[in-house]
Every structure is written in C-alpha cells, then in structure tokens.
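In what follows, chain A forms one complex with chain B and a second complex with chain C.
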Partner chain A sequence: MAIKRVGSQTVKLLNPPAIVSAASIVGPKEGQGPLSNYFDKVLEDDLFGEDSWEKAESKMLKEAVRMAVSRQDLMLPDIDYMLGGDLLNQLMSSSFAARDLQIPFLGLYGACSTMAESLSLSAMLVDGGFADRCIATTSSHFSTAERQFRFPLELGNQRPLTSQWTVTGAGAALVANDDGGPFITYITTGKVIDYGIIDANNMGAAMAPAAADTIGRHFDDTGMLPEDYDLIITGDLGRYGRDIASDLLKTKGYEVVKNFTDCGIEIFNPKKQDTHAGGSGCGCSAVVFCGYLFKLLREHRLNKIMLISTGALFSPTSAQQGESIPSIAHAVTIESKKKN
Partner chain B sequence: MPKKNQSTQNKKYQEYVEKTSPKPTYMKNCTWAFFVGGLICTFGQFVHNQIESRMNLTHLEATNITTLIMVFLGALLTGLGLYDLIGKRAGAGSIVPITGFANSIVSPAMEFKREGFIFGVAARMFSLAGPVLVYGITSSVIVGLIYYVIGR
Partner chain C sequence: MAIKRVGSQTVKLLNPPAIVSAASIVGPKEGQGPLSNYFDKVLEDDLFGEDSWEKAESKMLKEAVRMAVSRQDLMLPDIDYMLGGDLLNQLMSSSFAARDLQIPFLGLYGACSTMAESLSLSAMLVDGGFADRCIATTSSHFSTAERQFRFPLELGNQRPLTSQWTVTGAGAALVANDDGGPFITYITTGKVIDYGIIDANNMGAAMAPAAADTIGRHFDDTGMLPEDYDLIITGDLGRYGRDIASDLLKTKGYEVVKNFTDCGIEIFNPKKQDTHAGGSGCGCSAVVFCGYLFKLLREHRLNKIMLISTGALFSPTSAQQGESIPSIAHAVTIESKKKN
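This part shows the complex of A and B:
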C-alpha cells in the first residue's frame, strides 16, 4: 500500500522536501520584461559567448545549475541527481550540460511541462530517502525552438495573435531535506489529454484541457479548494489558454479566477514586446518559478502556490502527419511553511 | 460508446476554441499587404522601365534583369535582417512578390549555416522554396504540353 498516495493521481509528501535554492538565467528580451529584476542573470547577448544557439542554451542550463548549487556552499559532487530536460531533439541542451557537470543525470522530456515534472521527481526522490539533494532544471531558447519547430528566424512570415513567444532562459532548483522552506507538499501528475486541436499556433487551446484536468484532479484528490491557494499559476497557456482553462474548471465546479494566472502572461509585456498571447517553452515556468515565485515564497509574500507546468507533446513529424496536439500538465504544491 | 462521446466532446471544444480565439485584424493586414506588395511591384516596374529605356534592351531581356535585381534585393534585405521585419507587417504583401521567394531561400540558408555548408546551407536552402519550385515547374510543364497539343 502506497502510504503517500491521495486519491487517483496525487502524492502527499510526508517529509516535505525543501527547495533550498534556485537560480534563473534569461535572455535579453526576458530581461526587458516586467519580471526583469527578479532574474539572477540577464544575458546581453542570446549567444552567451558561444558559437551556436544550442550551445548557448546548454550553457545557460549549466550555469543555472552551478549558481543554484554554489548558493548553498555546496559542490557539484554533493548533488545526488540532476533531473532535467529541454525541447530539443535528444535533449541536447540538458545532456550536454550534464556531460560537463558530471552529476548522475536523469533526462526528462515533458515538453514545456518539464519544470514541474523535474520538481515532482526530485521531491519524490528526496522524500523517499533515495537522495539528499537533487537539482531540477530545464531550459529553452527562442532561436533553437524556432528552428526546430517553426521557421527560420529571418523568414518574413506573420505570427497569429494566438501564437506565443518561446522564452530564452534556464532555471534550476535545488531540492533537499532542510528546515528552511519553501517546501514541496503535494504532487499531482497529469495524464496526456488531447481534445483534437491541430493548430500549432494555438498551443494555449491545445494545453488548456490538460491543465484544467490536472488542477481539477488535484482538488478532487486532496479535498482542497481554489481559495486555499494564494496563487495558482500555469506554465505557458498564454492569455487565451488561461481563459479557456478557467472556463473548463468552472464546468468541473471549481471557480478559479482571481488567484489564477500563467507564467507566460507574467513574463512579457505583450503591448511593448510584441509577444502576442505570451511566453512559452520549458524555460518559461522555469525562470518564472526559480526567479520570481521562489523569492516571493522565501519572503512569505506568497504562502501557498500551485505551479502547473503545461506541455504540448507534439513534434514537427506528428504535425506534418496531421496528428492533433496531445498535452500534459503536472502540478506541484509549494508552501512557504511546513505544517506539522 | 466512449469513442463517439469523445469525438463529440472534441468537436464541441474545437468549436468553442474557434469562437473564443482572437481573430486576425483582416482589414489592417490587407491594407498593409496591399500597400507594401504594391510598393514592391511598382518599384519592380520602375526598375524594368529604366533598364528597358536606358540600356536599350528588349522587353524580355529587361524582364530577366529586373528579376535578378529584385531577387538580389530580397536576399540582401534578408541578410541585413530587415525582410522579416517587413514581412511581420506586410504578410502576403512581401511573401508573394519574387523578393519573398528570395527570402524563403536565403533565410534557411542563413539559419543552417552552423550545420555546415553541405548538410546545412545547401541541403536546407530549398526546404521552404522547394515545394514552390517542384509544383511551379511541374505545372508549367503541364501547361506547356497542353498548349503544344491544342493551343497552336
């Protein structure tokens, strides 16, 4: 009997692991956005001194991990596992970073849901007594994602209003057994949900049902209500996806309006930055959590949040073969204080 | 019949998304496309007229040279990083003229330079323009054959 399971998809961590440090690195465009002061490092050049964007993305992830580890006066060999992923084929950014970091590495692909996925698994490893310290990390880069999923950068095409802007950034969070919070208390792992959306320029609509399903399931499993949270924040649904998710949750009987937002909405200023529906990518929820939310939790300006990273599990091949976009969302509850 | 229920649920959801998604600003986009596209074509005509009258060439020879110049300009503006800025506003206005064709070849060539000159630049160069060439050339051959058989 799994004593830590609650309901059908949720885990309640009995010894809630702490997020002891977090680090975030973002590109120049994110550095001009509304959250710019919260990021640990803003790059002046999105090549980060490398000769390709892929290498730059890998370096961002590597530096974010190093920064998070060194903040705790630890060394890289003190870390038991590194859990991470990115959007590129064969997890190029994370694997190449792990090659240099030499931490036992578990590569994850959950598209843009990877931040919550890596936090979930890190917390389970620590709570289960399999590790003392795990680093959860993800990255994305506008230019690497565009060339893999869309068009060359210099192509003169128009972006629809529902399209989103891939965040250039990497975040890393160090999960360990510690008395200083914030603490990961609940984990709800999502199922793959597909409502048949085909338009890759409307990822918000493709992912909203997955987000609504996981959030609804979390409330069903735990008996908590939306009011119990200071903030419920999805990964990268964007402006329209957030509204759809909110509508879908209403049909499930949960009213989430006031305390419900999206990392992709928070990170950019759509009017000034021409980002349309908002930010997206693994890096979106990573930097918003590791940069912004983590600091608010530390300062007790937020006491209980649910981070739901949302991922669209499509590939250029599946899109060309006419498949719809399957999506997933993972939820992590993070509280600034440990309850006894 | 869970499968059928699922497909009606999907259909309902897709209709709902269709209804709530923001619509493109058609009027504004069309106006931009009309003026930018018109400007590119007017400029092309101006170049053509100048070549024809000053260099003393036939109409067809001047057309060929004009095409070369317009392709060069499209490629140059792409290389300078300006064509995507024009395209963002103008849409079809800058895609349809031959400058847009140049843009669709030069932009992947630039993008994949880091994968090397053979498997990067050369192999990827026609990834967007390839279909246009394949179907453009195929249809012109078919039209030519039809003309050969019945048109004379």
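This part shows the complex of A and C:
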C-alpha cells in the first residue's frame, strides 16, 4: 500500500479527490456583508419559513446539500456518505437534515473546525476507494448558537469588542474523483491545544494557539513555506485571534502576514455591521469556502490555498466547572490544478 | 484503485485492519453485572477521584486509551488519529481527554452509535493507508447523561419499564495493520431512520427501526445471511428494542433469533440490578465490545460477529420543539481470522 503519511500529522493524497461542486446559503446579515455576491442563496428571514431557528438551521444545511448535489446532475442516492455536523447539542441541525436526505451519515463534532474535518474525512474516503462521492457539510445560526452557548437573545446583553458574531449559514461541498478541480492535496489533522483562556467572549484568543500549532505542523511536515500558498485562511479567529496566531507562527519561524487572513474577518464589515472581532461558527468557514474561495479556485484566481477551520471545544458545563477552553484546528490544502 | 463498495451502504476492507488491542473501564454497577470478569478495570467510585462526574467520564476515556496503547508497548505519539466521541454536549469527555492525550483528534457524534462509527472510520483510515494506527474510543456515564438528557438525579424520578440504564464506562480499541486478529472486514454505514417515536424513556423502540434497516441493508449488500454470523449484537436496544428489531428484520425476510442479542441486555442482570430494559449509552457497546467480545474473538470462541451500535439522535431542544426521535445504526463485521 502506498504510504500517504508526511511527517507526524499530515497526509498527502496520492490521487487527490476533487471538490466537484459546492453550495452556500446565508442569513440576511451575511447577505449584507462584503461577500454577498458570492453566496448562492441569501435568506430574507433567518427563520427560513420554519417555526424555530433550529429548524431553520437544519433546513439551510439540507438545502445546501441538495443544491451541491443537483449542480452535478446527481440525485441524493448517488452520494455514498454525508459527513458533517454543527454547533447544536446532539448535532440537531445535521441529524434532522440527514433524516430527510437519507444519505448514509457520519456525524462529526469539532465545533467550528468541522468544515475542515468533514472535507478531510471525505477526501480520505474518496482517495481510499471507500466512496465515489461524499458530501461534506456544516451549518451554524446566530440565534441558535447564542441561546445555547451564551444568553437568551431577549436579554439584549452587551458584547465586548473581542466577541464574534456567529454566522447564519450552511455550506456543502461534494467531494469525488474527477479531473476538474479544485483538488484536496494535503490534510493536516490537529491536536487539542489549550493555553488556559477562560473568556467565552474571546474565542479568537482561545483558538489562535491551535491554529498556529496546526499551520506550523503542516509546514514542518511538508517542508512547504507560507509563500508556497496564495492564501492561508483560518476559520473564525477574528481580528484579534488572527494577530495572535500570526505572532505565534513567527515564534515557530514562519512569517505569515501578507497572505494570511481569516474567514471571520472577510465575511462582515465590522464598522458597518457591528460585528466586533468578526464572524464565527461552523457556518463561517463553510460559507466562505463553499461560496467564495471555491469560486476563486475554480476560476484560477487562486491556485493554492490552505483552509484551517478552527474550533473551541468548550461546553457551558465545562465552563461552569472551571475548565479553560480547549481548541482544535484542522487544515486542508486545496489546489486548482492537479500536479503530475 | 480497488473498488471497495459492496451494494449501496457497505464497504469490504480488502486488506482488513486488525484490532490489535482493546481496553475497558466500567463503573461499580457494571462491575456487579454478568460481564464483570471481562472488564479491565472496575471503578469503586464513579467519581474516579475527580470533583465532577463529567471529569470522571473524561478520565475513564483517557485511561482506556492509555491502557489499549500501552498493551502494545506503544506510546501515545505512535498513534496517528484518535476517533471518538461521547454523549455530552460538545463532546466534553472526549475533547478534554484528547487535550491531555495529544493525539490528532477527529471528534465524532453518533449518540450511542459512536463506537461502531469510530471503528468504521478507523478501519477505513488504516486500510486506505492514511494511518498506521488509530484509536477508536467512546464513553458514557450514568450520572452525566441522566442530568443532561432527563432530570437532576436528586429528583429521584421513577423510571418506566421501557427505560434503560446509561452505562458508566469507556472503551478503546487500537486499529492497525497486523497479522493477528480480530479483523474488521465489512462496514455498513447507517442512514437516519425515524418511525415517529417521541418517548425519551423508550429509546429501544426509537432505535430498533434504524438497527433493522442497517442489518437488513448489510445482508442485502453482501448476500450474507444471519446464519453466517456466530453473533449479531446491537449496541443498546434493550429487551423491547431487540424484539422490535427482530420482528422488523423478519418482515425484510431475515430471521435473526438464535444468534441475535444486544450489548444492553448482556451487561446487566435486570432482576437483581433494577435496570429495566437494559443498558444504554455510548459506553455500552464500547465496553461490551472492548471488554467482552474482543476477548472471545481473540480466543476464537467467536469467529465472526456483527456489532451494530445504535444511536438516538434526539436532543432536549428537538424534543421540546415537538420533534420525534431520529435514530441511526452503524455495523461492523469483525472476524477472528483473515480470509485469503
């Protein structure tokens, strides 16, 4: 068997699977942000015709999957596995979507790192010959996350400047063997890293060390350098987290400044939209990738990117029990062309 | 590339990975049940020296992983991936265990189906050449599950006869390429099935249709029959759920009576232990497999089994919003000998 491991945490896909289609749905606020034109569907109402935000989130995820699949003129039974998750307890959005979609379902939880986790596992299942087609998907919703993790929205709590705004959105990427790109070429799977941050309103600081660890490990494992990438983009560190990650990478000997940004920074206009440090949530890297980056890769406006979705693995219970916020980041390298 | 798919939901592992070691830790009540002598460690106190049940559950999971790894004279950095999850919101037990173990971590959520999900993905990652060694793990704890999903224990609620008792326990199985068995030979990944059950005290009835669907699909996909197995064992359907699944399989043309049981039925003595319909929780199929079935396979007292871990994907929020209980079941075939 071909050995696919490169260094301690990275695998190289010898027959890189392609992302053959992608779809994104976002809420009204995301539709007013700088990436508005790239999203496939912008909701007028974040209830999406349902009677709860949770059901609306599940519907977004389901519709994103249907959209990605139908773009390839495929039907749902043509998909071998659905890999995905969300932020809600017991993956409420994904589980109920999977019930309606009737695709064999592998539920994942990596908090906001889930999009890269689902892309990683989808790529390995396709490259390994276990699946012809996998759909990788995640979602989040401002109103479901806020009431589950923080406070009832009705309280109208003030938000500190380090806080982030959970993206309302769902993304789905269809991974398959195909000669058209973009292609998933490397996967670096993260360890859980915890620098002792306890402030649930400063997730960027909690997740930055995990992002820096995975990115640094990717370069160590592959021998690549930051300048080998057109873009290195984290999931949802926000403004402060991005700066911390950049500083931490400098101490590891990697200078990522010019080509380093964050999906949470790109999705909102903080001055006009009052989103403070930026966007967050599983849906953040999902819609920025499936809506925006995927199209730039398809059009060869970007040729090689690293997407590092970042997740804070805390729970309200762990916080109440005095624990700090452990975090994780998974990286996937996506290239517009297949190398020979 | 070799095509590994067999039928619509099953893959056959062409180079079947072995389960090279396994470890199980259980609570005091499980230690008084019929399988007591098979478990590797029985706790005297379900707090396991910690100051909360959640931390105790995380410690069990961590210790089970350490035990499985050290039995092969390996160190934690020798393990490429840890795949696992638990019932707690945001996978509190697994996330905090992964923080301390420092193994690249892929978090999974399939409710009580997680043990088969983690074995399935571990086997595919090893068979596909992405990993030399994966640790598949899950845990549950009666006291953490009860207060998260149902009522505070202090209320002393009465339990109906269809209710099950969440197993306090953690299991870990080390999957690697090896010539010693047992070997994971087939994987059937389930769809989410929902027959409209809404009673959270009758999980067996909610999960039975998912179990019957996956088991029936496995036979349809592979052409095998129930009598090809020494044992077909579901995760935690309990007594009533087992009977429902058996009846449903009969309508699909498969007679599973003599060799069909359930981990939740085997782990407790219901008359002496007041556990009603049987055991449940992620830990149930984890410790029954890692403690009991693994040893019988090693000793060739069983030669071919199908383990079908079963999960109810409901959440307290979905129940409050009037939704029924969607369920899922994943099956793995495990054989004591590798066929040529």
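Simple rule for what comes next: the second predicted complex is superposed on the first by the 338 of 340 C-alpha atoms of A that agree within 3 Å, B and C clash if a C-alpha of one lies under 4 Å from a C-alpha of the other, contacts with A are read in each partner's own complex, and residues count from 1 in each chain.
In this section, a contact is a pair of C-beta atoms (placed from the backbone, for glycine too) under 8 Å apart; a residue touches a chain by one contact, two chains touch by 3 or more.
Small disclaimer: the values here were computed from a predicted structure and weren't measured.
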Q. Given the touch rule stated above, what does A:244 touch, chain B (first), chain C (second), both, or neither?
A. first
Q.
If we overlay the two complexes on their shared chain A, which of chain B and chain C does A:294 touch? Say first, second, both or neither.
A. neither
Q) Now for A:183: first (chain B), second (chain C), both, or neither, which partner does it touch? A) neither
Q | Partner chain(s) touched by A:254 [first = chain B, second = chain C, both, neither] | A | neither
Q) So, does A:161 touch the first partner chain B, the second partner chain C, both, or neither? A) first
Q: With the two complexes superposed on chain A, say which partner A:317 touches: chain B (first), chain C (second), both, or neither.
A: second
Q: Have a look at where A:52 lands relative to chain B and chain C in the superposition and call it first, second, both or neither.
A: both
(Q) Just to be sure I follow: which residues of chain A are touched by chain B in one complex and then by chain C in the other one? (A) 51-52
Q: Spell out the part of chain C that touches chain A in their complex, as residue ranges.
A: 1-5, 8-9, 11, 15, 51-52, 54-55, 77, 80-81, 85, 88-92, 95-96, 98-99, 102-111, 117, 120-121, 124-125, 127-132, 148, 189-194, 313-318, 321, 323, 326, 328
**Q.** Residue numbers on chain A that touch chain B, as the complex places them
**A.** 51-52, 147, 151-162, 195-197, 202, 205, 209, 240, 243-244
**Q.** chain A partner contacts - residues on chain B that touch it in the complex
**A.** 7, 9-11, 13-14, 16-17, 20-24, 29, 78-79, 81, 83-88, 90-91, 94-95, 100, 103-104, 106-108, 110-112, 114, 128
